[in-house]
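Labels for the chains are A, B and C, by order of writing; each one numbers its residues from 1.
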Amino acid sequence: MALLSLLVRRLLHAAGLLVAVVCLNFALIHLAPGDPAQVIAGEMGGANAQILAQLRAAYHLDQSFADQLWIYLAHVARGDLGRSYYFNAPVAGLIAARVPATLLLVGTAIVWAVAAGTLLGIAAARRPDGLVSHLITVLSLVGFSAPVFWTGILLILLFASALPIFPVEGMHNIAELGRLGWWGGMLDVLYHLVLPATTLGLLYLAQYSRLARASMLEALGADYVRTARAKGLPEWLVVYKHALRNAILPVVTIVGLQFSQIFSGAVLVETVFDWPGLGRLAYDSILRRDSPTILGILLFSALIVIAVNLLTDIVYRLVDPRIRSGP
Amino acid sequence: MSLATPGAEPAGAPAIASEPAAFADAWRMFCANRAAVAGLAVLLGIVAMTVIGPLVYRVDPFAIVGAPLLSPGAAGAPLGTDYLGRDILAGIIGGGRASLIVGASAAALTMLIGITIGALAGFYGGWVDQLLMRVTEFFQVLPPLLMAMALVTLFSPSLATVAVAIGIVSWTAAARLTRAEFMRIRNLEYVQAARSIGAPNRRLIWRVILPNALPPLIVSATLTVGIAILFESGLSFLGLGDPNVMSWGLMIGNNRAYMLDAWWTATIPGIAIFLTVLSISLIGDGLNEALNPRLRRR
Amino acid sequence: MAEFSRRDFIALSSALALAPSVGAAAAQPQQSGGTVIVAFGAGTPRHLNPAVQSGVATAVPGTQIFASPLRYDANWQAQPYLAKSWEVAKNGLAVTLHLVDDAVFHDGRPMTSADVAYSILAIKKDHPFKDMFAPVASVDTPDPHTAIIRLAHRHPAILLALSPALCPILPKHYFDDGTDLKINPKNSKPIGCGPFKLAEFVPASHITLERFDKFFITGRPRLDRIILQIIDDETALVIGMEQRQTHVQFFASEPRDIDRLSKQPHLAVTDQGYAGVGPINWLEFNELKKPLDDKRVRQAIAYALDRDFVIKNLLLGEARAATGPIHPESPFYTADVDHYALDLDNANRLLDAAGLKRDADGTRFGLTVDYIPGPSVQQQGVAQYLRPQLKKIGIDVTVRAAPDFPTWAQRVSSWDFDMSMDIVFNWGDPVIGVDRTYLSSNIRKGVIWSNTQNYRNPRVDQLLAAAATEIDPAKRKAQYVEFQKIVVGDAPIAYVNAVPYHTIYDKGLGNVPTTIWGSMSPLDEFYWEKKPA
């Protein structure tokens, strides 16, 4: 089946890409100036030559670059991402512990931005000179131009002093941990999620609403829509059934393409709101020169981006059979 | 389609070969767009402030002028002082340099790499295209901010390192755009005509096709400057910019811990970034409408 | 609003908890129960075993999980802990510890002298502070409840080295498994015989410690749970304390926030509890770099640095001045040294005498200054302040910021610096935390917080060696007094301030830790006198 062979080819391609990314990042981090053993020793509080030698042996730092790379690749193939210099705990475990928080944040931000953006775009397309359309223009300009960490800070200022409705940091209310039960705990997290997800989503709402408006305008002007209207179909049916699919497709495509950037936005938002996710871990690890963790996160995010691109590609082909996989 | 997002559809209609008339037309359209003109005015104002400001307001942004966290207007500091007692207005004036210089040079680097790769891929096609597309894909998969953060810490932060790092992680969108334009244009009649009279490939690429591919690229370049400024401010905010150069992002990052007591210290520099990028976006939008014939037809 | 109903919930549950004990309060106030949430700003610790890791982030949770032979009160007097009594031999070469016989580890196994011997030797081998247990030749264990520490020479610091943060007693049966203790994963899942056991350690989020019911001191600990909430963001720390989501903050050092929180009606502030740590903020000079090899140049910079301005303006008056290598709250401290009070004329004169003339625009020479990365006012603030200030005496200062701590540590430890701000702790006895900065034998390239200044003074080496083995307290103090005078005169370092650590706490809390080690000590007496409504 054509689709299956396509899938296999794509998967092989993705795997090759991933290996190339891992090699590049490994080279980058290990060829940079600085001695990791001293980094670890410094984190311990000081060391002597003997301790330094022991640390070097423990982390394979006394071997050649090529050997270290080979060892690393072999481990990665088994799912072992090494041990963090700082925590001395498996990197895979550290990442796994933080992934849900980031997925929650990024997922929520994307979902509400896409939903709100599409609805706003549709409303604006129906009345191209109306209030909603102008609102979208303004909103998209503001959302794009304001640095995401600054909007976060503004929201914190607003909700910390003026209107203390939402919590301004963290993911849980630690005091209640263990007392709230599953449902209560869930609500607590959602409560903490409001501000960070709003901040991150605003950034994307800007683009999605504009995109949706433009594609809707185009779609609404197309022949088959005019035909449907001529046939006497009710307006809401025309808009929501026929035009919507065309409007939302470009938005979904953009989300897929931008996924790597969305992750970057998450780093800033997680830092501002003290959200314990992967972005924060990446930032902290970079500051600590915790190379294994940095490598692990880069690998993981590349993996996610490749997977999302693959998925988007497949979905697109399934949805739009007009596209054939050509040379 | 405004606010050209990376990978969005490029301008579709055949370009007009006669350049002077087209550019005059475009300029007229641009000037008719009030928002775009306002953006241009604001940007010019900000650039002027950056260049002339330090000569007029002779306060070193790093000098301690008074007690920390004074409100705007106190002790001769029109915008107040930051957490070390440094003049915020001086910081705004001085900080513009870092943002604009890094923004412009990072965007220049981005476009340089992106256009070169995209042009070669789009023009030659075949295995050249395949190879260059693999390279593009490779860079596309790397998370931009994380990679830039890693690059900057590895090679010690300075304005140059930051600009280069941003350039390295941002060029793929420009490459894809250029490639699409080149693939579209290379088969058009006037290109075939030039080829048939024996013009060498180099001339075809840089003298014939590229000028006609310029309109969407100009818009992209403009928006890239805005993106680069945001990128630089993000890195400075995280403490990964050049610490010996005052920058707006750095001011926000440094004063973040004090925002409960002195909200202006973290808010005002953000307004500066916002206005700069906003004016650039308006200009970009205006250019898009002026140079994109498809929209013009509406 | 959910915020309101959360408070209701707390009110209800605490009312229920208090009700039955009201009548019993007069009779048996031993246990008060409840949870204390600590606003923990020291960052996520690498792991929880202080035996192989120095620093506050590991010590605060570590001293709850592990117990130690001795503990200290607020007057530097040793108190019994795992050692119910102890003797130091007359010749000073042995310390006999008589251990309690009912201490058990969190897994139920009894603590014996074998564990004490194992722990002390492990710390000697793997802890970054070499001088603590270096003179320990062996630890004899004649019976399960007696440990005799045999010393190669007299070592008065040994008693302070047996403190909770420096000598956690590890269960041999758990940790001695053939793995290098420095990288043993069990360091993140430790068991000890301290008042609290580890329930949960979630990096960047929290550390939950639960009451250990079989703790060997009956009626202790008084709390059911201590949660260390790891908060990296300064604003979040403040908001948490203001909104009563956290109840106590240890090691608070941002003067502005201390000020703000002290005005809250439900909070109180104390600066007690940090004498043992002895933290000093200073400017260190690299004596290998010209012209810093000339004492006059260093002294000139010290005279130009206006300590009072820094303390008053940058630190809002919240810090004490530091005038020498020993912290002002240490029993060995003397104020009888040159304080290098602001004197620009003298500074200029010294530089002229050193032959460093000013050129056309008034500059004599240039220097770089580094600082520990982070927005701390004590570090970055003072470094930045040096720019305009040292310009007044003709020195052109360039502030060199490192993007992260390892880069800074790398630069300073490999002597790739001119001047650097630094914060160094005394750690109780000068042998532990002070010697390392001034002994010429501790000039070790690549090791941070060694004698990175390359300071050499044979008399100082002599004094420190003598004081390290001097048992007579009066003689010892005299030696350290002379040591301070010489060092301050030689000025390898310009001392700025004692780091203004404070404890900010809910007024309902009782027995807030104010011993010399503060919160780096078992919080078994800490309790809710009056739980929040």
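Basically, a residue touches a chain if its C-beta (ideal position, glycine included) is under 8 Å from a C-beta of that chain, and two chains touch if they have at least 3 such contacts.
Since the model is a prediction, treat every value here as computed from it, not as a measurement.
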Looking only at C-beta pairs that count as contacts, which pair of chains has more of them, A-B or B-C? A-B
Taking the mean of all protein CA atoms as the centre, name the chain whose own CA mean is closest to it. A
Can you give the whole-Å distance between the Cα centres of chain A and chain C? 39
Counting only Cα atoms for the centres, state how far chain A is from chain B in Å. 23
List the centre-to-centre spacing of chain B and chain C in whole Å, with centres computed as mean CA coordinates. 47
Counting only residues that touch at least 2 other chains, which ones in chain C make the list? 233, 235, 239, 373, 403-404, 407
Give the residues of chain A that touch two or more other chains, as numbers and ranges in rising order. 156, 160, 286-287, 289
In chain B, what residues contact two or more other chains? 153, 239-240, 256, 259-260
Within the complex, chain B is touched by chain C residues 233-235, 238-239, 254, 256-257, 260, 313-314, 373-375, 377, 380-381, 384-385, 387-388, 398-401, 403-404, 407
For the complex, which residues does chain B have touching chain A? 1-3, 5-8, 137-138, 140-147, 149-151, 153-155, 226, 230, 233-234, 237-240, 249, 252, 256, 259-260, 263, 266-267, 270, 273-274, 277-278, 280-282, 285
Residue numbers on chain A that touch chain C, as the complex places them: 34-35, 38-39, 41-49, 51-52, 54-55, 58, 83, 86-89, 94, 97-98, 156, 160, 164-165, 168-177, 179, 187, 191, 274, 276, 280-281, 284, 286-289
Hey, which residues of chain C end up touching chain A in the complex? 1-3, 6, 9-10, 13, 35, 37, 44, 46-47, 52-55, 126, 128-130, 180, 182-183, 185, 187-188, 202-206, 208, 227, 229, 231-233, 235-236, 239-240, 243, 245-246, 373, 403-407, 409-410, 413, 436, 444, 446-450
If we count contacts the way the header does, which residues on chain B are in touch with chain C in the complex? 60, 62-64, 67-69, 83-86, 152-153, 156-157, 239-240, 243-244, 253-254, 256-261
